[in-house]
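The letters A, B, C, D and E name the chains in turn, as written, and every chain counts its residues from 1.
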């Protein structure tokens, strides 16, 4: 049973604004990629040491700094200095429990944070990864928790592949592409849930057992966590579009509306899965109740048939001196006949009661 | 058990805007009908090859292109070029998981997408078909998934039949007529549900059995899916009317309000069916509980009666040397009398407890 | 089991605007009353034939046409022509499944439709009757489904009785009086429900049985239907008052607010009855569970007492050659004493466990 | 079982505006107190006969008419004439089922109606009393149902006691003081509920029995009724404050906000009690289920132990000629040893299964 | 069982505005700390006697009066006089049942009240402490219930420690820091809940027992109380930020938004815990039901096997003169063989039914 609900807000009581990483322990080093591109060309380089790195932005290019690992406050603080980020932004980047939101801390910088969800088939759990984006004039900085893989690789591949839409458009389109990737991933997770749900449904209908119940329970728990994780995204995107942010062009805004559409679809699907989960629980309980009923019927049928028979046998096992039936010639056979008739009568009665 | 919840969003990770069909596999060819009409005359022709087809719109006519089959991205892209449709429109047409919405992508084109629902009596499931409409000045393009039948035939028949309201009015009235047809169909589906529900109710009251339970469960699941499918339609129509879209005349707007009314009625009916479904589940559980209670009573009555009797018989089956009762002349008969009295006393006691 | 949920929207697929009656089949003829009154005098006449009837409205009088029966589309169409009613109004009058709403189709005509509810004591069901009103300058037309009685008779009686408030005021006050009558009737129905509910409560507490359960279930179903029927009335009246309709005077508006108050009270009462119904279901289930518990206790007590006794009797019924106890002089009596002690010990144990 | 849900709206069908008392039957006479005060002095007198009473208001005094008993429409009508009250106000005063609201019927008169709740320790029910207030320039009229005691006595006592806040301020402060008294009383009722709830909780945890269940059920019912009674008060006070009523000074408005605060606290407490009630029901059901489980375990343990033993005894009770074991020297003792071993094995098995 | 729900609003019926302490009885004396600081230096002193204390505020300093203990109305009244607080403010400070809110009673004083929550590991209960703050130009007064420790010590330590953010900023930042401390503490409490929840989950899955059930129940109760306590904080902070209070600088407002974020996260977490609690209850009931099922199966298996065997043994224990089988040479062995076959057949049948 892994630690699912722990909040671990370690920086309690420290002065607000002190940078502390809040999340899982990680032992890898932070990797940083620096990408610049325009329609004509692109350049991708790893930044081994932030000390030797200086930010120079050309006007006709879009820059993307991808920070893979947020567990080193010093690195984040360093980037914060370079791009002049607000202390509260840095705090939110480092706090993996921060819920999705966007904010304009400085007039010319848009801060967006949201969650990646990945389904772990072994633990049957939805694993959550904390992502943050800062967009300024001509650049995007993306922060992700260090995991086995860089989740933004598809975008990198797309930039390399061809001078397509991403290359044609600016930083706001890049931001959109990153968010879109995250939201598309929710559908993959939902697909996994949907497969599990169908298996569970089949299993519960055919053979309701405690294992299925535990799976159903953990599925409900995962959906609750997932909903809590995704829900704030709706409000976030809706107000991002509504407020007509200066850094976002009308064209990108149209694409963001598409993302919002998808988010709402995800939330509705999660809600309908929760409904279906509740129905499955009802179904399970009824099936168990039915099985119990059948067990009880077997017990009752066997008791109702054999108790009178055993009683009759008991009667003629008594040792009274004066029991005339015992001396009848066919007494024993008469008893057998009586017993058979009794059984037949009872079987008919059970048949009528629909118990057999 | 069919795949009910699968989302199959196949185009994950591909660049946004790439056209991919998302839905059931279909092997038929796309059929396209091109209809033009005004009050005086009408013309209906099948378009065998889009390559030879060119769009020429006369001012005094209304044009309707009905595309039956959306599984060939090339065909849809072709139509998109002809009518100058936005890439996101094409994506939404091809994505059968897109939820109902309307949008003005270009100033002079209204895009509407919604769902047809048909009740399959064999699987007892509501089958969902993805529909899209694009309306421009003087024309409507309708897209439907390829199925066994063209669902818009009634409208075609009406156009052929007489120079009625449809022929008198323009493209916006045609759009209304198409939507109205879809919404009217929801009532047919609800009627089927209502019939099933009554049968179930009767069955659960008379003879609660696991089969009825499974049906109740799948009905609840279908209603959940149906609600999720229809619900966004309300908001969609409401804002279509509220925004006073330039392409829709005041007269048609009045008719659309009528459709909105029907949609709200459908949603309320679905909701009340869900409520009734929950009540039926309660009823089922109580009935099963009652049956169990009766089974237990039978078992208890039989045990309470025969256990003491068998005990008495056992006593006089003992082989002690010194058991005076065994040598009494009427000992055996006394035992019988005692037993009969015991049974009578117990029956009276059960009667009093209302167990018989 | 009557057809409770059927929707029967028969006019599916027909061109919108075609007049069709949607509802229960009726074999009676439509009856029409034409009433005119002012403070000084009144005149009431039956209209046997609409062909010979022409509408002439004097300025100083209020006219009321009461149409009892809406199953003849021809008659409704005829009235529609006379008063110049919009086709959608006629459709709504004929569609008994139309939910409550009001609408200004023409500038000078207010259309209001709502539901009468009557409690049928035999079927224990709330019967719903579709009502529509059209109010214009100086006249009201009321439409009701043909039933055993004219539900607006009390108003007619009041007009005849004295030159009271109704006679003093105009058409808008008449409309108010008609709606008020309908809403007042809801309270009568709720009173019936309340009586049934108390009986049920008493029965479930004293003797929970499946009959009470079925009644509880059908009560919940009726309340669900009733809520669905009345709920839209609130929004309807609220906007009627808010919009300050030109045909309604400030004075009547005050009275309508009173009606709105009553409607809200009805809805809240229905909601609290539904809550209480759910609590009663819980209570029922717990009572059944308690009864089962008691049955089980009886079974267990009897088994725990007699199984060991029967075993002891069985032991001394064995036929081993060498069983010294059998030859003891008081062996038999010792066994009896042991058994009695055993029973006493068990009874004390059950007493301690609170099972007796 | 008292009549809890009855609505008794007796004036159905009568012309709206006819004065009828709707409520419990009362046989006492109406008592009326007439109080006038300012900072310097006060005067309190009973009004034995309204016929001889005339209203004369001095500008520097605050007048309070306290009407104890609202079952005599004639008296209320008389007061209505004196103070020029609107007919709908009089109707609301007489209708004990009217829910809380405020209204300005005439520009210079504020009408407020709400409910007193008192907890009856004998029936364990919340008894509801209908109160109405009319405030005009310099005077307040309070109406209460005739009960065993005058609920406004504390205010009277305060006026007599000293020239405090009440005496310093005007009619609006008096109105506030009256409302505040009613709301404070809700807390007393909630305290009683809270005590009952704790007793119930303890009882259900220690010994779940049907009596506790019935009490829980009736508590839930009372809370449902109480919520329905108090809830509209929130909206009422909120809009009274928001609308900045001309008759209410800014200072009193501040005090009314305090009352609103208390009302919201009452509602939240009622809601949390309802939640806790639902949890208690769950707890009860689980406890009963646990008890049943224990009963079943006892039954099963006893059956599993004694059935095989009885079977073995039965075997050696058979009368076959050729049963060698019967003639073994220590056959009897061997059987006993086998039995004891069997019992020990089973006890260990039960121990392992945690059944003992 | 401690008094969890008691409201104890002792000042019922007293004139509004009379100062009374409403809460737990406390026997300690009130302790008061007077702190003044600016960026350069700080001074902290205990105030032993309010009589000798006079308030003198220098413009370049921030003053903080920390009142530890609110059970002495006289002390609070004294402070009220010094700082010119509104009577209703004093009442709210003394009423430990007052829910979170903020208010501007005087133009230049902001009153804020909220709740500290601490988790008591012994009683497993969330203990609630009533806090109030008054902020004016250059000063903050904090009031807390007297408990084992001063909950604002971390702030004091921070002021002493270094000339950090708190020392750099004014009274509004101090207010923020105090509120932030309280909210951060909520996370600590939630962490405790989360740990308990996981333990419970594990226990219920492995071994569902009544103790776990009681703990689950009390956890649900605590969460209900906690939600009720924290929920109003959201609205309070939101309007504090929205209204752009004159005493709060834009910079501090940004920090308050951060606190609001945290509060919303707390509420969502509490809600998801309540959901998970409900799921756990379902899980528990299903597990108990499963266990019962298993018990029943054991009982049924043992009965089905031994009842027929005992019956057969009974048959041959009968004493009829004419029972040929008894005299067969291998009769006894045949009976044994028949019995063994019977048992094998039954075991196969149970195996097929998945009961073993």
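Following the convention adopted for this analysis, contacts are C-beta pairs under 8 Å (C-beta built on N, C-alpha and C of every residue); 3 or more make two chains touch, one makes a residue touch a chain.
Everything numeric here is computed off the predicted structure, so don't read it as measured data.
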Under the touch definition above, the chains in contact with both chain C and chain D are none
Residue numbers at the chain D-chain E contact, same meaning over half shared and different meaning under half, come out as different
Here the gap between chain C and chain E, centre to centre from mean Cα coordinates and rounded to Å, is 42
Expressed in whole Å, how far the mean CA point of chain A lies from that of chain B is 26
Note: chain A residues in touch with at least two other chains are 285, 289, 292, 296, 299, 303, 307, 310, 314, 317-319, 323
Contact graph of the chains (line, ring, star, complete, other): ring
Ring traversal (chain B first, then chain C) gives B, C, D, E, A
Given the complex, residues on chain D that touch chain C span 1, 3-9, 12-13, 15-17, 88, 97-99, 101, 105, 207, 210, 213-214, 217, 220-221, 224-225, 228, 281, 284-285, 288-289, 291-292, 295-296, 298-299, 302-303, 306-307, 309-310, 313-314, 316-319, 323, 325-332, 335
The chain D residues in contact with chain E across the complex are 154, 158, 164-166, 176-177, 180-181, 184-185, 187-188, 190-191, 194-195, 197-198, 201-202, 205, 254-255, 258, 261, 264-265, 268-269, 272-273, 275-276, 279-280, 282-283, 285-287, 289-290, 292-293, 296-297, 299-300, 303-304, 307-308, 310-311, 314-315, 317-323, 354-355
